[in-house]
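All chains are identified by letter, namely A, B, C and D, in their written order; residue positions are counted from 1 within each chain.
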Amino acid sequence: MTKPISGKIVAQHNSRDSCWIIVHGKVYDVTEFLDGGSKIILKYAGKDATQEYEPIHPPSAIIDNLPPERHLGPVEEGTVEKVEVRITDEEKARLQRVEARPPLSEILNLHDFEAIGRLTMPEKAWAYYSSASDDEITNRENHAAFHRIWFRPRILRDVTNVDWSTTIIGHASTMPIYISATALGKLGHPEGELNLTRAAAKHGIIQMIPTLSSCSFDEIVDAAQPDQVQFFQLYVNKDRAITKRIDMRMAFDAEDPHEIGKSGSDKVDRSRGAAKAITGFIDPGLKWADISWFKSITRMPLILKGVQTWEDALEAYDQNLAGIVLSNHGGRQLDFARSGIEVLVEVVEKFKEKRGITFPNDRFQLLVDGGVRRATDVLKAIALGATAVGIGRPFLYAFSTYGVDGVDHALQILQDEFEMNLRLLGAGTIKDVVPDMVDVSNIRSHLVTVPRDRLYDINYESMQHARLRDTKAKTKL
Amino acid sequence: MTKPISGKIVAQHNSRDSCWIIVHGKVYDVTEFLDGGSKIILKYAGKDATQEYEPIHPPSAIIDNLPPERHLGPVEEGTVEKVEVRITDEEKARLQRVEARPPLSEILNLHDFEAIGRLTMPEKAWAYYSSASDDEITNRENHAAFHRIWFRPRILRDVTNVDWSTTIIGHASTMPIYISATALGKLGHPEGELNLTRAAAKHGIIQMIPTLSSCSFDEIVDAAQPDQVQFFQLYVNKDRAITKRIDMRMAFDAEDPHEIGKSGSDKVDRSRGAAKAITGFIDPGLKWADISWFKSITRMPLILKGVQTWEDALEAYDQNLAGIVLSNHGGRQLDFARSGIEVLVEVVEKFKEKRGITFPNDRFQLLVDGGVRRATDVLKAIALGATAVGIGRPFLYAFSTYGVDGVDHALQILQDEFEMNLRLLGAGTIKDVVPDMVDVSNIRSHLVTVPRDRLYDINYESMQHARLRDTKAKTKL
Amino acid sequence: MTKPISGKIVAQHNSRDSCWIIVHGKVYDVTEFLDGGSKIILKYAGKDATQEYEPIHPPSAIIDNLPPERHLGPVEEGTVEKVEVRITDEEKARLQRVEARPPLSEILNLHDFEAIGRLTMPEKAWAYYSSASDDEITNRENHAAFHRIWFRPRILRDVTNVDWSTTIIGHASTMPIYISATALGKLGHPEGELNLTRAAAKHGIIQMIPTLSSCSFDEIVDAAQPDQVQFFQLYVNKDRAITKRIDMRMAFDAEDPHEIGKSGSDKVDRSRGAAKAITGFIDPGLKWADISWFKSITRMPLILKGVQTWEDALEAYDQNLAGIVLSNHGGRQLDFARSGIEVLVEVVEKFKEKRGITFPNDRFQLLVDGGVRRATDVLKAIALGATAVGIGRPFLYAFSTYGVDGVDHALQILQDEFEMNLRLLGAGTIKDVVPDMVDVSNIRSHLVTVPRDRLYDINYESMQHARLRDTKAKTKL
Amino acid sequence: MTKPISGKIVAQHNSRDSCWIIVHGKVYDVTEFLDGGSKIILKYAGKDATQEYEPIHPPSAIIDNLPPERHLGPVEEGTVEKVEVRITDEEKARLQRVEARPPLSEILNLHDFEAIGRLTMPEKAWAYYSSASDDEITNRENHAAFHRIWFRPRILRDVTNVDWSTTIIGHASTMPIYISATALGKLGHPEGELNLTRAAAKHGIIQMIPTLSSCSFDEIVDAAQPDQVQFFQLYVNKDRAITKRIDMRMAFDAEDPHEIGKSGSDKVDRSRGAAKAITGFIDPGLKWADISWFKSITRMPLILKGVQTWEDALEAYDQNLAGIVLSNHGGRQLDFARSGIEVLVEVVEKFKEKRGITFPNDRFQLLVDGGVRRATDVLKAIALGATAVGIGRPFLYAFSTYGVDGVDHALQILQDEFEMNLRLLGAGTIKDVVPDMVDVSNIRSHLVTVPRDRLYDINYESMQHARLRDTKAKTKL
């Protein structure tokens, strides 16, 4: 074992020319990573960066990606100057709020996790999880689109026993949902994505492992139960052979999570950073012709995520993929992209017209994500032909507020909602949830009301109700 | 008569193993009811539960449903420890507000009862009456749907005499409305549903008696005038023969009204409770094939409530029922179910197409409920083919605030509105209110506006009016 | 001349059995008027009622309508007990605001009069002028409907000279507007309707004299210039022969203006009063068959006001009337009646289809009223086929705030707006304002958005702009 | 050189009869300009008007437009009474806010400039730049219309290299945008329009020089780089030969910018002033027949700005113009005129139908302006057939807040947005942005929601989230 290095020595390597950092008690020379222009690394030059490194990278990332000769060895205990952590008044108030979280029994729906999360999560986590691109219009439209679909419930059907289990790409699921891949789980909770893995096991549903997870792929797979099915989300790197072991997550430094914060909370040049990030670690040259290469290297079923038109859906079908995810990436990419649920309607319609096939369809499955908060949202997608629906942010808020128990509780809420709503719909099983059960005629209506004429509006003196007689008791309303 | 039991003895039976309660001075052993998991019963184990029992159960419920050997006899006077009733400051303020209610002459429309009720009703009553399921979207849509229907009034018709009486399932009614069945009337007023019975008699309209009334069926029927017509709402129990006399209202304990409260006021696991409740006391196995059994046991006309599609309406017609109520149960069941008034349009259209019949139609009557606040709402339904319209919550608010006089006044408001609006519509009688008098072309438009871009909106500096010159007198606006 | 009566004697006649009042120094026995149930008369029994009488009745009303034997003669000077007029603090503040009115040069559009009026008018006048029926939805829809019509302006047309004069029912008007008949002008200003007469003369437009004016018909006619054209609005009384001289305005007592106040400001039983009033002094038995009788007694052209469907418009045409006013009476009658501008579209369409005629049309003119605030509103109606548009409330606010000068200024604003907007539209004259210049495709869209799910909405944390650096200067936004 | 004139002498010429003013140290007799009724000139009679003159007129305007004999010569130094400039508290606060502007790196999108501008710009500049005509409905609709167009992005296309340069009327542009002509640049920044010229040069885009610029045409052209392309906006004066050298900008005095202020901030008779101004200096007699005359005097391509219907677009095409700008002049002219982007859809549709041609089209180019804030807005117009899009107000806010650097930064933001959004759209070049990439089906929907019934709405008690337990930490939400 190498001789421990004094913290004072490390502290001298604090510049572009020589930049050392300490992570988990080891010293690394990361000077070569500075080329990417990452201000964030330089900020910790000569210091202990563990706390900053932790939520963004899997433990092995630095070891794997840095040549062995840059692993300089352990730091000498007690020699590293403590980075004085100032707990701001704001942070103190937040920690008090964390203590004041209500018991899980008071969390009645998925919205509630977000409400508590907003008050109790570290600002950085809240900002990253809740934000989206440009004016965040697609992000909110994802949810709003479900409100343009209404139910046509049937009555007097025997729904003594209802069963909402299903099969997704050949794998059983107790519910027609799966956990979407979302990045940087440790921002919200020290166990990160493992919270999702464990709750998914308990409830018998599928987790999609994100490329940009905080936990390593191995950690997440190891946390799974023996028979637990997981999907893997693959962001395709430029270097298709993946011989260079630059972990994508390192590249993510180029998009310092400090910098992805909601505009207003962390004011930095977000748009340029994002543009660069996409250029930097996701291959913008990926094209239809590459699909055959992927099929040549794996026997696993391939699903294409991010399809947003029937034309691309048809191409995926013609290329014999196993399915697609109709998704706009949670509103994080092109603003004014339509919601997955709206695209679903168009896809089903055109497949019928162009290929004569209907959905759900085992040979080619349609998955949808974005904006889901209730089992009724899911059932609308099912009625329209989807096999299952991905849910992402709500589970992030669930583990950020209550850890694995939060995710478990969130899934139980959904289980209960499925049971009740299947009964109310008059459907005994998922197969009984059919197109006639929804009115989808307004789905394409992207309406904007005419700007109001304020001069008229503020002249209007609103009607008022009957009022209590004049007493001091009038304060409530 | 049995020897009175000391309150101290009763107090010892306060556990799952032996649970006694006192109601109206009598002691009961209700241990066997604990199996349903009712926390609420256990809360009163060994104590006087009268006050809690009163608004939820008819007086005879416990006597009827508990085997005689569990009727332990009277409690010894003066031996029951007084449950100290703390009147909170909030409750004191509410009682002051009750005192400050305006005179009925200031209540100008049905909205006003709700406004006063919100300020003066016990929180539990307000929470239960005003709440609905999930995001309460269907609940509000019920009212909003009427706003998408506009009038085409006719002029220069002799409306010196107008007459808005009609016939509902063969029974005369002074107005084309009836009182919908609603549960737990004593939460709002000690006389509960009897307020409705009495006011209905005075105004010559029909009351639908709820299955889950606070007053007993007998009490309600007894309160009726000799010739007063009442309808009975039947929730069908699993045990079709109804030999077991478990009153449904006992089962309701499983859904403690404390627990049905609006989320936010009483934070408990609402969704699971509701799911269980439905499973527990309404038979989810009820199906079309059972209709013939019902027809075999009664000669009364049968109306099917809760129809929400033309398909089910047609089935009801083909099974020779007397009519249907197009209803989503006040938005208390499946959220995003459409309003009754919207379904009415589809039903009338399809009956014309499929069976060639038009409405109103004596052989098969269409009733509608949900969201009605004005006689104009009712007249829209009439124009579209309904025979009558059910009104529920407004009458609950009316008796919760002013007892029977409130309901009487509410009905008088409607009488006056019918008179005036029939004249303004150019219709002498209910039969003159025809489809051409409404424009219903927007009824299916479930619109959601595109999310606003706040960055643009808050940059817009609204125009302002001419302003008073600079004096101290400017404060009003 | 009769001997003056002592005020003390008058004061004794203060009951239902004998009710005397003093108006303009004369004593009247109005006991017989009490049958109508008018509380307001009784309030002044035995007292000087002049101040209350003044704004509601023309001076001669009581003389004309009361039999001579009830004219008891002059009251003895100095014997009437002064009714102590308490000026409330609220009234003092209002009078200060009146003093603070901005100069007319700061009144830029018709909205501005209303804004100033709201702050400075007597509460009773504001309440009566601004209110409408039920939920006041039609009242606001009248204005909103214009916002669904958009312009298609033409360019490169020589608009050096523009001319917006026109001819209404054969009479020249400098603008395609007229002053609608509105009731109770003296509530807002001591000169009442005469303000309108005088300003109309100055601007060469037509005033429609209301049946329920505060000033007498003779006063209004006398105030006109020799060649000034006036229209007369006729509310038809039950007693068609008009032999009984009960002035309609007396009947109006049944609808005490105190009682017509906006709900909330004066809490009384408004709906029943209004219903009775309509029954009481406007003949609800008036029918199409009566039209010929009207034509037999006058050679003046007859226009039918209040038409709201193409069916009735067609009937009026077939009965050879000179024209119609498409109107819902300013939203004061049937709520959810459609706006005049919307009905116009349907009428023009159906006349083309049924009779092959187009508009504008001299033989049968279409007038429209309701919700107009800008010359652009008027031009939309003109483009769609109207001959002229009636404007009512804005002129009431204009004279209530600035007397005749206000109305003059309001009309000048309209003149200027017509000049500018005709140029911008590319139309040299009113005839050049044609259907192609408007897009009316949304006119029938009566849309209501889906109720929002508040749980989602309040979780959304709005984006924020760039902010100033932290200084004390941030307060403005 | 003339002998300097004493300020005291000048001060005596302060009336309608003789009105002298000092500008840049020279004395001018401007008595003859008073005929236009310009109060603003009279306000400075006998005084130094430089500060007021500066932002509105190019330096040479007074020299060019006043006959030499009215150039009275230099004023004697030190003799002019200093106009005491009172800096109000409000102005002091504004100057503090100017100091607190955030660094440009915190300006993330075009909205941000406006947000900072609103807080830091001189009130007069903000009022003039941000205002529009009537109720400013068209002004806001211009932006809102883009929200009714949604994207259909394509995936798996090689977008490694993306290129958003294009050619506008034969001239290369690095982006499919140009800088619209906007008036009175010096109100916002001393360098006025030169800021735009310089930033346009740096980014290789085209500036349209306004007729009513603060800087002179020569100054703006001189500031351009040798090869920099500029367009010139020509407001056509009545005197077509332009022999009389009355600079239009002098005429603009008739519309004193003080008087164009947003109603509410500067209360003057805006509508009449605007009507007069249009009559005064833009020839309302301009007509299609004049086009040939313009073509006869220049060989430069002519583009017609302000086209708002397909009919006029077709006429422009048939008259062989080089293109048109679909524009409603930023909502500053006819309110309720439709947005350029909406008109674009109609124009493209009708050209296909009437002439069989499609867009973009080199022979006849379609430009659009109004309401643009994001590259996505531009890309929507491109997809629909526009060649380029004009952007105006955002650049005014950019230089008003940060001078030329602001405009440079604004353009860089757009460059970055184009790069990212082309990738996300799946388009390698501007030519790949095709109609199928947008859903424009809602573009004609000018919707207004039904007025809400406040009585119902305020009775609704909104659902609430789970809440923190009762601690003092609850304040954040």
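Everything that follows uses one rule, which is that a contact is a pair of C-beta atoms (placed from the backbone, for glycine too) under 8 Å apart; a residue touches a chain by one contact, two chains touch by 3 or more.
On a predicted model such as this, the values are computed, not experimentally measured, just so you know.
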For subunit A and subunit B, which third chains touch each of them? C, D
Rounded to the nearest 5 degrees, how far is subunit A rotated relative to subunit D when their C-alpha atoms are superposed? 90
When subunit C touches subunit D, do the two copies use mostly the same residue numbers, with over half shared, or different ones? different
Subunit C-subunit D separation of Cα centroids, rounded to whole Å: 41
Express in whole angstrom the distance between the two chain centres, defined as the mean CA positions of subunit B and subunit D. 58
Of all residues in subunit D, which are in touch with two or more distinct other chains? 102, 106, 108-109, 111-112, 115, 118, 135-137, 140, 147-148, 263, 267, 445-450, 453-456, 458-459, 463-467
Considering only the defined contacts, which subunit A positions touch subunit B in the complex? 102, 105-106, 108-109, 135-137, 139-141, 144-145, 147-160, 374, 376, 380, 413, 416-417, 419-421, 423-425, 436, 439, 441-442, 445-449, 454-455, 458-459, 465-477
Mind listing the subunit D positions that touch subunit C in their complex? 93, 96-97, 99-102, 106-108, 111-112, 115-116, 118-120, 134-135, 137, 263, 267-272, 274-275, 278-279, 283-288, 290-291, 304, 306-309, 311-312, 315, 333-338, 444-451, 453-456, 462-465
Help me check something: in the complex, which residues belonging to subunit A touch subunit C? 109, 111-112, 114-115, 118, 126, 130, 135-136, 140, 143, 147-148, 262-265, 267, 373, 447, 450, 453, 455-456, 458-461, 463-467
